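Common to both upcoming complexes is subunit A, partnered first by subunit B, then by subunit C.
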Partner chain A sequence: MRDILRNRMGWLHAWVGFVGGLVLVVAFTGGTLALFDTEITRWMEPELAALPEAAMTGEALDHAGAQVWALREKGQNVFLNLPSARDPVLRILHYDGHAFVGPVLDPRDGTALNSRETRGGQLFFDLHQSLYRGPVWGNLVTEAAGIGLIVAVISGVIIHFRNLVPNLLLFRPFAAPGRAWLDAHLVAGVLLLPFIIMMAYTGAVIHAPRLFPMIGAGHAARPAGRPDAGMRVVGPYAPLAPMLAQAEDIFGRGRIGFVMFGTGTVSFYRADAADFAMTRDHADFSAGDGRLVGVERIGRGMPRLGGAMRGLHFIRWGTPALRWLYFVCSVVGSMMMAAGLGLFLMKHRRVHGGTFRLALAETLALAVTLGLPLASLGYLWGSRLLPPELVHRADRETGVFFLVWLVALLHAGMRCLGGAVRPAWREQACAIAVLGCGLPILDVVSRAETAFRLRADVYLAVDACALGFGLLALWGQRVIVRAR
Partner chain B sequence: MTLKSNRKTAKGGLWKRWLGRFVGGVACAYVCALGLFSLASGHAGGLDAILRQSLAIAVLPLVIVGLFALPGRRSGPSVFVALAVPFLHLTLS
Partner chain C sequence: MIVLVSLICWGLALLCHGLLQPKIRRLLYIGSGRPVVPRVARLVLPLVALGMCARLEMPLSILVWVGTFSVGGLLAGGVLAVEVFRRGRPGRF
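And then the complex of A and B:
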């Protein structure tokens, strides 16, 4: 091999792509599922399926406020999430170190609903932004992987620059496996280039303070359970409903997302879905008499840049159609990265076939490519099969996710070290097919006691997606068998 | 046999050189981004923090790829340190 630009870029693309890709497939897949984190959370709370659709009443808000104040007097750092189109219930939430969890309240009267404890879709959000390793090291690794993705994209474009158009036209899905995977990798990479660059760049900018801790504007993440200094306050407290009406006069009707409780103040924050830029504008009220004490709005221009970056990345302002478009692009992006991992392994199998190093690489690639979707489906199965009244249920559910992933890793390790790489891929694809195709049946059976009705809602959407991925895995394992 | 072995040795040498170049390039790019950060915030009325972060994140991968693409067979990672030191000196002064 000669030391020329194309070879150098090839080396950079291959190695940064493979090592970073192992993290990026996890982050991208987690992010893909996190696009619908609220909907997944609702699917994992089947008790709420029976709840009739109703607007929030002032009585419910005041009742919820009284419960929040009572919890804060006990020293718990909680806040109130208001109903929205995506999640039509009131929630008293606190950060447990990985997700915002807490009791669910009826939007009609503010009474607690008998819903099971779960981290829901926020597990995927945490996996996406910090690999479930906390806001320091986890963020740092995903941040570095995000930079690595941009490096891999730039070097990939340099390698294929002259052949970008021919590569797009020459998509041969039924050619030899190596050629077909390369075509798929190139077509997806070129078509999704703007989306992948945008997501990698905005994600990297959002967590930039992790990469440059000595400078920067601080970081939003806070360690779990940190006591809020001076948090204990004593009543009586003004009702929240009149404050909400005033806040809606300022920011617009239905544009308040959540309510934070401070020392002697109550702050109504504008919803993330209210605007393209996530700016955390808020109106502050005196907790004692409900008097408006201040309004904070992020001005136009440069201060909104950070909010615009967040808005582009999190797409909370987007319509369901736009979120589905992001979802499809993210799924294809994850597959493109997985195809890249496969191409790296195919290339090195010719030279290093049978070595421990290659078996290790095969194991890790299989564990992130198929093991993660398998664990995600296992997580959904676990949420319905674990008893609703189980103690520390959210932790047990998360435990199911990581247990399934660990089993997938061990299976991949044993099969790849034994030289049975192709059967290992086929077996994990079969497992995905079984769990994916079986999930709609599990949903129907486990919701039979509550209120199962076939209609276009979050339950049907999650079931359809699981069935779709199950059928895709079934097709994939047949392709593996035929390619023997 | 000897030819194959020599080719393998040469490939291994190239791999190590590129790895060294990559590590040196990443270190240099990080220092460059830090320098840019300091320069942007050093002046009165310096740039907004989020804009500085955005610029630094944009510069980082470009510098990594740019330095990796630099020609020169004998230039080891030390050349990047030599490139980065004056820049760091400039930002600290």
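And then the complex of A and C:
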């Protein structure tokens, strides 16, 4: 009876794991990089490296507010993002359908800093939550894959239940390839079980309103250029600095994240980093005379529970150490899923070797496992190689990402259909090694005036991670060569 | 610092757990005894880690404790794999 259950769960785990895994590797890898989306955005804006660390002044805030009002009078739906420890500049942002983008302002005086146009790390956030396919189909696919992850986890635990504790650390990388990959999949899967269950569950709960649209409120962000009805208002406007001081008296010093501008009102929203429960508490002021007109706090109960789920998933309140813990767990989680894809292919090579169906499966697995990291590195390279003043630069940068990914897919397809599966994996690993190990050099060359001030900042962190993944890929391709 | 201490405690606790498992003991040429120190350590060290993490705010403390379990386990698994290789038994899997 127990063996029948294990066999059936094995079938379920294999197929749900493979089909869902193709999406989940993309979503997990995107989510991993999105943990440091702000830092990646800053890396992709090297012009800001020379900016001295400075606190925001009242003059800068008022100047920025005037620019926001001017843009809103032209019908643009923009808001103001305040400086924070992770991103010490002012930003006038609008939603372009995929990311929040807009000009960067100096926190000392509110003047525009000529930084290049980019979607930065938010591309990975969009990839994580909707595969860059928008709030309807993209979200639907990732949510279905998220539920698939929960099914795969439960079935995996049932299959492995007897050996869950005794084999917790049994990893034999020098055994036969199938055994070694299975050990890696099991060890990582069991050790990361709390993390994976937490991320899958909170992700599913966060998107539950989209899975069940009858209780959902739809997509909150609206693209710029589609103003609210009656949004156009005309000044004069009260200065923002006194309003910020009042809002900080209510929510705490340094706990205001962004400022929204409505019809005759200005709302100061509490930062996502301010508390574990990610709520949208805000203080509203009259735009004309700066008078406090209301404070909205999310009370206890379901809304706060929803905020706690978002807080656990997005970890914007977390310390750098916790964010790095999430990052390591996410990287290993992505590798665990990729190992699962590899195991599925190894099993089916024995029976279906040489068929078109298997070659297609090999192609897709390779394109998500190595093609996506390759495209991510290509995106970072594109950010530094494309001219800063290029028209529609953010779109071109994103185009580089998808172009590299498409080339990786075509390469995988040609090689796998030609029967050269192992060389295909090795070549893409080599490409990752070249782009990853070369990224620190590109950073130094393209940021010459500030690159030699060695300090623990976002540039060093991104360069070190790229170098680490490059070296890992270099080691991986050597393993593939030795395994012939 | 608390994260590091918790990571070390979990790493050592899981290493002790691994050293008590018959399959790993066979791979490492260790006899079939049931040593007391690893058995006590695998019970006590996670509690020490929990005590350290409890000094952080909730829910940060729980997340750090669980997160360091995962990363500590990966490190312990890596150490055991290297040790098995170092003892020259890669062909006996």
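FYI, the second predicted complex is superposed on the first by the 461 of 484 C-alpha atoms of A that agree within 3 Å, B and C clash if a C-alpha of one lies under 4 Å from a C-alpha of the other, contacts with A are read in each partner's own complex, and residues count from 1 in each chain.
The rule is short, and it goes like this: a residue touches a chain if its C-beta (ideal position, glycine included) is under 8 Å from a C-beta of that chain, and two chains touch if they have at least 3 such contacts.
Owing to the predicted nature of the structure, the values given are computational and were not obtained by experimental measurement.
Engineer: Using the overlay on subunit A, decide if subunit B and subunit C clash or can fit next to each other.
Structural biologist: By the criteria stated at the top, subunit C and subunit B fit after superposition, with no clash.
Engineer: Have a look at where A:Phe402 lands relative to subunit B and subunit C in the superposition and call it first, second, both or neither.
Structural biologist: After superposing on A, A:Phe402 lies clear of both subunit B and subunit C.
Engineer: Examine A:Phe327 and indicate which partner it touches, taking first as subunit B and second as subunit C; both and neither are also allowed.
Structural biologist: A:Phe327: touches no partner chain.
Engineer: Could you tell me if A:Pro209 is touching subunit B, subunit C, both of them or neither one (first, second, both, neither)?
Structural biologist: First partner only.
Engineer: Using the superposed model, measure off the angle between the directions from the CA centre of subunit A to subunit B and to subunit C, in steps of 10°.
Structural biologist: With subunit A as the vertex, the angle is 80 degrees.
Engineer: Return first, second, both or neither, reflecting whether A:Leu191 touches subunit B, subunit C, both chains, or no partner chain.
Structural biologist: In the superposition, A:Leu191 contacts subunit C only.
Engineer: Scan A:Leu169 for contacts with subunit B and subunit C and give back first, second, both or neither.
Structural biologist: Second partner only.
Engineer: Just how close are subunit B and subunit C at their nearest CA atoms in the overlay, in Å?
Structural biologist: Nearest C-alpha pair, subunit B versus subunit C: 19 Å apart.
Engineer: Where on subunit A is subunit C touching in the complex?
Structural biologist: Interface residues on subunit A, with respect to subunit C: 166-176, 179, 187-188, 191-192, 194-195, 276, 312, 318-319, 321-322, 325-326, 328-329, 332.
Engineer: Which residues of subunit C touch subunit A once you look at their complex with the stated criterion?
Structural biologist: Result: residues 3, 14-15, 17-18, 21-24, 27, 59-60, 63-64, 66-71, 73-74, 76-78, 80-81, 84-85, 90, 93 of subunit C touch subunit A.
Engineer: For subunit B, which residues are in contact with subunit A within the complex?
Structural biologist: 10-11, 14-15, 17-18, 22, 33-34, 37-38, 41, 48-54, 56-58, 60-62, 64-65, 68-69, 71, 73
Engineer: Sort out for me which residues of subunit A touch subunit B in the complex.
Structural biologist: That would be residues 1, 3, 5, 8-9, 11-12, 15-16, 147, 150-151, 154-155, 158, 201, 204-205, 208-209, 211-212, 214-217, 302-303, 305-306, 309 of subunit A.
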